[in-house]
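We just call them A, B, C and D in the order they show up, numbering each chain from 1.
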Amino acid sequence: MLASGNLRRSRPPCIAVVGAAACGPEVARLAEAVGRALAEAGATVVTGGRGGVMEAACRGAHKLGGTTVGILPGADRQEANPYLTVALPTGLGIARNALVVRAADAVIAIAGGFGTLSEVAMALKEGIPVVGLRTWEATTPEGLSLPIHRASSSQEAVELALRLATSG
Amino acid sequence: MLASGNLRRSRPPCIAVVGAAACGPEVARLAEAVGRALAEAGATVVTGGRGGVMEAACRGAHKLGGTTVGILPGADRQEANPYLTVALPTGLGIARNALVVRAADAVIAIAGGFGTLSEVAMALKEGIPVVGLRTWEATTPEGLSLPIHRASSSQEAVELALRLATSG
Amino acid sequence: MLASGNLRRSRPPCIAVVGAAACGPEVARLAEAVGRALAEAGATVVTGGRGGVMEAACRGAHKLGGTTVGILPGADRQEANPYLTVALPTGLGIARNALVVRAADAVIAIAGGFGTLSEVAMALKEGIPVVGLRTWEATTPEGLSLPIHRASSSQEAVELALRLATSG
Amino acid sequence: MLASGNLRRSRPPCIAVVGAAACGPEVARLAEAVGRALAEAGATVVTGGRGGVMEAACRGAHKLGGTTVGILPGADRQEANPYLTVALPTGLGIARNALVVRAADAVIAIAGGFGTLSEVAMALKEGIPVVGLRTWEATTPEGLSLPIHRASSSQEAVELALRLATSG
């Protein structure tokens, strides 16, 4: 189907969607719309595999037949949300946050808690572009802002993430 | 499509195929046949994502449209073989061997080097069944044999692995 | 020497000092003073094992004969700063940030970059108290401040960290 | 005390002692003698931090005032044996086996179970020399023996390990 030399190139972009394991309905709608738009664009959705924002993003992608990967903190596949193409129980606890980020060509952060902030920070440390939707604000010790790309809608977030992923 | 309550159940089994990153043509044929049979059975093939046995198993599954996951030791997606549905650069080095094993419902070890032996040992430690094809022999300090299921063909290995995965 | 039943209790507190691998002289002086005060108090100093804030904190503790542990991102002991009692090359890359945090009863963050922010966030996620010295400010999506204890001197930071470590 | 340029060089060798978390009295005596001899030689003893062989080796070193490091699989310091200078709860589960090995200049394997076998295999994969005392035997798929240095006494094991560590 694909010429062997082009196979690497042709792998779809991986976009991580990070956010809290519990969230209100409005944030869930936003995350689901992000997942849907990513699947429509042919991207693979990578998440931490659990509930809340992660589950909503996977549900959105799953409904459109997209590929969804969950990198779970525990060693038990049962903690996975039901919308994962691939569930990877890592048993690494919070250290798995580094893997979610590393698996991604770009990260979309939606709202979120401390775990989300750690993922945003690690992505920036690793030079992986981050798009933020109603997420953390932060100021460095030198008074600079967190260098993430702010989006105001799910569509804008996905377009930004895909553009940043392929230009990287 | 699927009733929500059954979604978890209906996730296909994940079978890890472990072996060396370089191998001769005979072992490669064996690994490719294992990958093919796993895809035919609808299983997801998990590997370390690199060459040799890992690449051959992924190629076999990929040809039949199967899902293949590569859990890479490095932080660079470029080291992935070209037959992966999902390439996860972990940056964990050899510690990623634990993740390959944990992601699996059963492990098929084909020939292999020290890394393969570490994966077989960690699977046994974690209670994950291991099927061996021309792989390591080992004897505990107490004189007992490595408790893995020996298979003599790719077909037998896959049948054993799938049976052990679902009975686990 | 110690009664066996008390050995666990009597282990000294582990305080992680986190900050950037490169820093100016003023921040270095602050970090060295923190290391010195921790050693004086009998605490074990845990860091990421590299330069900048990590090295300065270790140097301060080392001068007073304190125990210093460096949890290195790479697999090579050579990247360790010269003031470590124990240098642990992990080969985990940025995922080692989770280990620095987990090894600690409390964390002191001094100035710092994205890696530092990820450590602060993971500590808060894990319920490990964080003391901040001229470090990141952040605001949650809900408009709340990062719940860390701000100190204005090395002495105050160490006193706070030790109090929080033992009350935890 | 030490000239700055020599500090790296002068760090004592780290020797990992690996073995099962439960063991009989004879193996425990062997492990304790290994720990004692390592401390006498000024080496740092690295273990997985738990009971059995790990605890016995740490007890031996601790009695002579040696430095002992425990790299724990869980996130809880309470699972540490009482003879550790430094207890590092990693929360990585079995993936911490890779860290025990990486922290070492040489590994001494005493008896042991599947976890021990995985550590021996990972050390060999990483090019870290392994000394075996009443431990696993294994044969590669090509019919070769596990390339570890067999010792017949604790004293011989420690001498071998220290020689291999410094020539590495």
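The working rule: a contact is a pair of C-beta atoms (placed from the backbone, for glycine too) under 8 Å apart; a residue touches a chain by one contact, two chains touch by 3 or more.
Because the structure is a prediction, the values reported are computed rather than measured.
**Student:** Could you classify the chain A-chain C contact as same or different, where same means more than half of all interface residue numbers appear on both copies?
**Tutor:** same
**Student:** Counting C-beta pairs in contact, which chain pair has more, A-B or B-D?
**Tutor:** Counting C-beta pairs in contact, B-D comes out ahead.
**Student:** For chain A and chain D, what's the span in angstrom between their mean Cα positions?
**Tutor:** 39
**Student:** Mind checking the centre-to-centre distance between chain B and chain D? Centres are C-alpha means, answer in whole Å.
**Tutor:** Spacing between the chain centres: roughly 29 Å.
**Student:** Chain C: which residues touch two or more other chains?
**Tutor:** 75, 91-95, 98-99, 102, 126, in rising order.
**Student:** Touch graph of the chains shown: is it line, ring, star, complete or other?
**Tutor:** Basically all the chains touch each other, so complete.
**Student:** Which residues, counting only chain C, touch chain A once they are in their complex?
**Tutor:** My answer: residues 92-95, 97-99, 101-102, 111-115, 117-118, 121-122, 124-126, 134-141.
**Student:** Across the complex, what residues on chain D touch chain C?
**Tutor:** Going through chain D, the ones touching chain C are 4, 7-8, 11, 14, 44, 67, 69, 71, 75, 77-78, 80, 82-92, 98-99, 102-103, 126.
**Student:** For chain A, which residues count as touching chain D in their complex?
**Tutor:** 75, 91-95
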